[in-house]
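Structure in structure tokens, see below.
In this document, chain identifiers A, B, C and D correspond to the written order of the chains, with residue numbering beginning at 1 in each.
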Amino acid sequence: MAHDTILLTNKVCCNFGGLKALSDLDLEIIENSIHSLIGPNGAGKTTAFNVISQNIKPTSGEIWFRGARIDGVKPHQVAEIGMSRTYQNIRLFANVTAIENILVGMHLHLRSTWWGSIFNTPATRADEKRAHDEALRLLEFVDLKGRGDIIARNLPYGDQRRLEIARALAAQPKLLLLDEPTAGMNPHEISDMMDFIRKVRDEVGVTILLIEHQMRIVMALSDKVTVLDHGQKIAEGLPKEVQGNPAVIEAYLGSGKLVPKKARDAARATLNA
Amino acid sequence: MAVQIPEDRLKIARLSRISIVDVLLWALRIGVLGVVIAGTIGTLINGRYGWTQWVDFVVFGLTLGSIYAQIALGYTMVYGVLRLINFAHGDFMMSGAFSAFFVANAFYRSGFLESHPVPALLCILITSMIVSTAVALLAERFAYRPFRRVVGLAPLICAIGVSFFLQQTFRGMFGSSIRAYPDPSWQRATISFLGIEVQAVELLVIGLAVLFMIGLYLIVQYTKMGKAMRAVAEDGDAAALMGIDVDKVVVFTFMLGGAMAGIAGVFYCFVYKQVYFYMGFTPGIKAFGAAVLGGIGSIPGAVLGGFFLGLVESVGPALFLDGLGIPGPYQLRDVIAFTLLIMVLIFRPNGILGERLGKKRA
Amino acid sequence: MRPKKLRSWGYSTAAGIVAGVFCMTLAQPFAHAASPVEDPMGVIRIPKGAPVQIGAYWVISGPDTALGEDSVRGAKIAIADLGDKVLGHPVKLNVEDDQCTPEGGQTAATKLAANPNTVIVLGPACSSAATAGAPILWNAGISSIGTASTAPSLTAADRKPELAGFLRTIYSDAQSGANDGKWLYKEAGAKTIVTINDGSPYSSELARVTGESFIKEGGKVLSAEAIQPTDVDLKPLLTHIATLKPDKIYAPLFVAATAQLLRQVKETPGLENVEVIGEGAQAAGALIEATGQAIVGFKLAYPDVSPDAMGKGYPGFLEKYKKMFGEAPISGYHANAYDAAVLAVKAIEQVAKQGDDGALYIGKKALHDALFTISFEGMGGTVKCNQYGQCAQLKSAIYQYVSADPATFSIGTNPKKIWP
Amino acid sequence: MSIAILKAPSVSVASVDVARTLRMGLLLGGVGVYLAAVGILAMFNERWIIVGLLTLGYGVLGLVYLVAGMISARRGAGLMTALASGILSGAIAGLTVSVLGLVIGPFSLQSVFTQLNGKLADSLALGLAPLSGLLVMLGIGAVCGAIGAILRFTPLTVRRPLVIAALVTVTAGLFQELIQIMLQDGPLTPVQDLIYEWEGLTAQGAAIVFVVAFILALIGVQISRRRARAAAAKANADSGQSLTKMGMIFLVLVLLPLMGGNYIGQVLLLVGLYILMGMGLNLEVGLAGLLDLGFVGFFAVGAYVTALLTANHPMAILHLNFWVAMPIAVLASVVVGVLFGIPVLGVRGDYLAVATMGLGEIVRVLVVSDAAKPLLGGPLGITQVPKPAIFGYGLTTPIQLYYLTLVASLVAGLIAWRLEGSRLGRAWMALRDDEDVAAALGIDRIECKLLAYGLGAAFAGLAGSIFAVMLASVYPSSFQLVVSINVLALIIVGGMGSLPGVAIGSLVLIGLPELLREFGEYRYLFYGVALIFMMQFRPEGLMPSKVRKRELHAAMGETSEPAVPTARAA
């Protein structure tokens, strides 16, 4: 089971006008692993996420997910067969409560129909009850117990991150795409989040594809790392292998001339962290 | 844990690449295209119109289109800066045209309009521009400014309120009768060109409209205020952080839009010779459509949309419907115009030139 | 804070209303002192000194405002001519807006009918409003006199009983359309015509009836075209019509579209010498104002109002109109409204009885019946109602505009009668 | 316009800020001039509030002076200073208006401004000789200005009831005809005789109404204060209160036509139809976030299908019973709604507004056109639509039809309310908020949007169906763009996404103008001004839903600039 492939991309390209955001990206993600996608700013990481979740249609190439070819299908169909994601800049439904956010996430797994809701049938009521219980359980799982009735925008930053993950989990995904879940957090919160991500993988049993900036986290969490630069894959392998790869260092440091020394040192420090 | 989702779900995912909606959409496209082609062929076989008539249709369309384009510019600029659909824009036009009517009429009575067309025209234009601009600025100050930061539809409803207010104010003050704009002989002169007679006033309107629109484009592109305007349109908050006085930019935008509406109003009256309090509504709605067609927020888009709409309205009934033998095809010009507008939006949901802005808001 | 207060106010209002309702339901209506008249449909009592309330519904908002406003003014002049008094009581004209729509007509009529003091109703100007409104008024026993609603069905021989209370001081489109078709073929020598309507019931009915009559005479309708009333650019249509080469264009439109048509016809190659023929709605000072120079030569059919036919008072009436309202008549139906008001007042004078208490008593049925017996020379022609409520008989004439000065507008001189 | 004077430099002289006071006086005087020039004053002068004493026109003019005094008087300064500036600015406003009256004749303003005629000049001079008229007007302005200034210094607990009492008195005068009809021939006739004469309030009547209203309002204000304090102490009082509120609204809606008679019934019937449409549009705009300006199209479909299926008219295809035809009409509207939605699925936001407006216009033009005349009757429409009956009991009067509409609205409201909290309602909320995220969570955009169009259209179709039997006919002229605009305006004025808001919005924007029918075109002027003011002071609507309120305020709070105080003050 360890080597079942859950997601496979084959020569995926994505162009915006003349700009090649992704070119010939090949990715293979193994079930139940934590796979990280790293690269400097503008490397195409988020584009890769958007393409994988079909938020953006790829210009060419194939994407296979759990045995189905998903390039060109509608994003909700991708979600239907078990993919879920979070966003770099948290995109909660900010004006409703935490629990309602999770209930929206459970959309796929509720059976109530609109006419059932209109007539308020027993089946609908049972379904709603079940959904509420499940949502409370999820809240507890992400350490937000008792905060279900708080309007999402009023939650502290870290809670919002976890709520977004809970919402993604509510869709019962097999593959969870996390886009920089630790952005803007302090070291203490970061280590909490790392524990949390591991917990998600282990307890819920989902595969995780992670975009991350901070090497420390990538090194500690990942089973496998893919490095992107200018939309191209420049390295792949175990965290340790990638860290020493000269192409990666070059990518992070740029072509040299344009980057001031101070920045280069900083980048080197990041890499070696 | 093994794959839990049953295999048939996966099949669904594979099969439903083309939904019934897509099929219906294609059917619609093909249907409209079919009607257009059948109608066109029918008309051409019919051979009722010679090429002089076609040229006439095009000239009428360009005239109407140039007026739409000018009004649409105001819509699009205000939208770009404030994200506000200024429903009252057509009524800004009406205000200018109505006020300029009194000047034009006085000139006409005294013979000045007949003897000195250029200074008279200039005076009329300036009056109209001043009034339209003043009305636009007052509306901005008292009706729209409090909404600078309000999202949602409240500003739109407020704009509808302003529209009613302006219409009724002018009706109350100047009466509900329709008045004829003066018709000096130099406007009625025709110019022969390759055997086709074109009215001087139509050429004048098209030419001047294009000139004014180029001027506007230069202002927006190269002046300091114009640049600031574009910056605010791009990202209001960032522009404010860069030290751009957003209020000033908005006022400037309303000034430009109002002036453009004033010019459009005078041109409208030169060609169609009528002023009354309700005259701004229909062109306003059409220009709104034109702005959206071109991609709302885009200045070249508004011009393109305006001309497109004008041409379609003018050429459409004859070209597409005449050949099909539909009774009263000219009654259906709005149907043609709006159908094509929707078709354009199906293919390009953000208008012809509206890509950039549409994406940002999506 | 503010919404709270509003709410509390709302509560007290609601409570008041509830209390009021209870009082109402408990109560029984009680009758007044003995009335000197008996009437199967009810009697209206007007206490001493109280006004005689004449209802009216016309279009006084929206794009057709001029049509109704003109009628309001005509009726106001009529009442002013009577010294604002009827049998010693002041006259009050309650004008409601029918927006020229059926739902507007219905609401306005309901409001007028709900007022127990409404003696009679003038209007409406629009046939669609009349179709919806007149039955409601008649249901309440109130007669109504249309002033510009010309749809044939309103006074047709087979009209529904619910319309029995409706009369009109304007001719029917059926008459005018038939006359127009005949005139076009026989007198104007047209063999082919094109008709244009603007999608209003008035315009499309006239275009249809005239077309039919023209064909019956032996002519040919090359095309029945239609436009939107708000269209300003008619040149594509006219270019199309030019290719058909008609002898005449028959266009019973309203003011705005007519003005565009007249101007643009002259600018369309091939149509420079084709005459446009219009109808009653186009006999208006407003049309001169809206059209300008291009109006000269425009012919239209309108009732014969030359002094020998009738209407001696019209020039004086016109003077009053300008004095009271600061502009020339804005549409073509002020004279009909004047006549309607006069008819109503004459009928009231005929049937109203003074009671012992000094109050005036008017039987509704008696009033209705009286309307059918009165005849007089009105501003728009002889007023005499037939059994279906048609009070204006069309004595058709053709007029032609001779001047572009709005001040010269006067039916008979500009437009000048050219036929018969 | 005198508004430019606003920019004049302010010079402070002594304790009265003369420049500011002058400015305010001139500004409000300008308002008076505007009212005169537009013709409102002349029209209002034909209506008595208090017979023989005060016309509506002079009342409004007095109010203008009063406002001038009120806004010039500053609370910071002492009472005497405030009084002085109030008097000054009121007098200035009066002077401005008087001067207009004086210049009308000599400058023959009527040639341009049609309303500025001799009669108006006379009424501005109060029927006196020009100069003495001016002096009297000046005096009236000063007195009203002084009252305004004093009012500013009155404590809120007294000022509110005063304002309310004045409002009630004006309402009693304004709607005298309606109220008199209600009071006539019943047990309340003595009341009528006491306060009314045949065309308005008597002086003693006005005094009675004012005093009674003042006392009631005083008590009401006290009670609601106490209630508010109690509610502040008890946190959870809100839900109970909103229930009573809804109950009250409902009770009023049920009982009002019974005492108001057919006319009120007719007005409420229209209000009810707009409530139905508003609820439908609320599903689309309020819940699913789809801005729709072509809503009238569905209304037209409902009306035409009903007419075609039931009418006693050559154009009709069948002669069904209304109760059979109505569901078919609703179904047809749903189908059209879905078909309507398909082409515009990919179109968002303001583009959607134009696309839907286009669709609505296409429906309207097609319906009136000669091309569709053989099917739909063209401009002459379809007449002779029979009224419905329940077990042989015909629903013929406006009141009976109103109850039909009320029942339909209640059902529609229940459906809308159930949907709002359902799985579909949450999906709509998600789509409205963020389409991409919604799709990533497995929400089928197409299905949800089409459901919104379809269900929204169903309500409009139902309204159209009742509309057809109400009129007993359908004409294409009933389906103008302005209907869509009205429906949109009423749900936003009422408070988007809120069901009681729809009812309130409809009462205010449809009911009130209907009652003011005799003001004709000017209703739209008031309508426009009301829209502007309501949106300025309550952009979230009169009775907003909680989520909507949060969205609005959140968006306003996020700004780097200070939020605009007027919008906040609400």
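To be clear about the criterion, a contact is a pair of C-beta atoms (placed from the backbone, for glycine too) under 8 Å apart; a residue touches a chain by one contact, two chains touch by 3 or more.
Each chain and its UniProt protein: A = Amino acid/amide ABC transporter ATP-binding protein 1, HAAT family; B = Amino acid/amide ABC transporter membrane protein 1, HAAT family; C = Branched-chain amino acid transport system substrate-binding protein; D = Branched-chain amino acid transport system permease protein.
All of these numbers come straight from a predicted model, not from anything done at the bench.
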Closest chain to global C-alpha mean, per-chain Cα centroids: D
Selected pair, greater C-beta contact count between C-D and B-D: B-D
Distance between chain centroids, defined by C-alpha means - subunit B, subunit D (Å): 30
Whole-Å gap between the CA centroids of subunit C and subunit D: 30
Interchain centroid distance [CA atoms averaged], subunit A/subunit C, Å: 72
Whole-Å gap separating subunit A and subunit B, where each centre is the average of the chain's CA atoms: 44
Residues within subunit C bordering two or more other chains: 65, 199, 224, 226, 228, 326-327
Set of subunit B residues in contact with two or more other chains: 19, 171, 175-176, 327-328, 331, 334
Overlap residues in subunit D, where contacts from two or more other chains coincide: 114-115, 365, 368-370, 436, 446, 521, 524, 551
In the complex, subunit C residues that touch subunit D: 4-5, 7-12, 14, 17-18, 20-21, 23-27, 29-30, 47, 49-51, 60-62, 65, 92, 94-97, 100-103, 106-108, 110-111, 113-116, 128, 131-132, 197, 199-201, 203-205, 224, 226, 228, 325-327
Footprint of subunit D on subunit A - complex, ascending: 53, 55, 74-76, 79-80, 84-85, 87, 91, 93-96, 100, 103-105, 107-108, 110, 112, 114, 117-118, 120, 124, 127-128, 151, 153, 167-168, 171
Sites on subunit B touched by subunit C in the complex: 48-49, 52-53, 56-57, 60, 63-64, 171, 175-183, 188, 197, 199, 268, 271-274, 276, 278, 281-282, 313-315, 317-318, 322, 327-328, 330-331, 333-334
For the subunit D and subunit C complex, residues of the former touching the latter: 110, 114-115, 117, 160, 164, 177, 181-182, 184-188, 198-199, 216-217, 220-221, 223-224, 227-228, 245, 248, 251-252, 255-256, 258-259, 261-267, 270, 365, 368-370, 378-381, 383, 398, 467, 470-473, 475-478, 514, 517-521, 523-524
Complex contacts: residues of subunit D adjacent to subunit A: 415, 418-419, 421-427, 429-430, 433-434, 436-446, 451, 455, 547, 550-551, 554
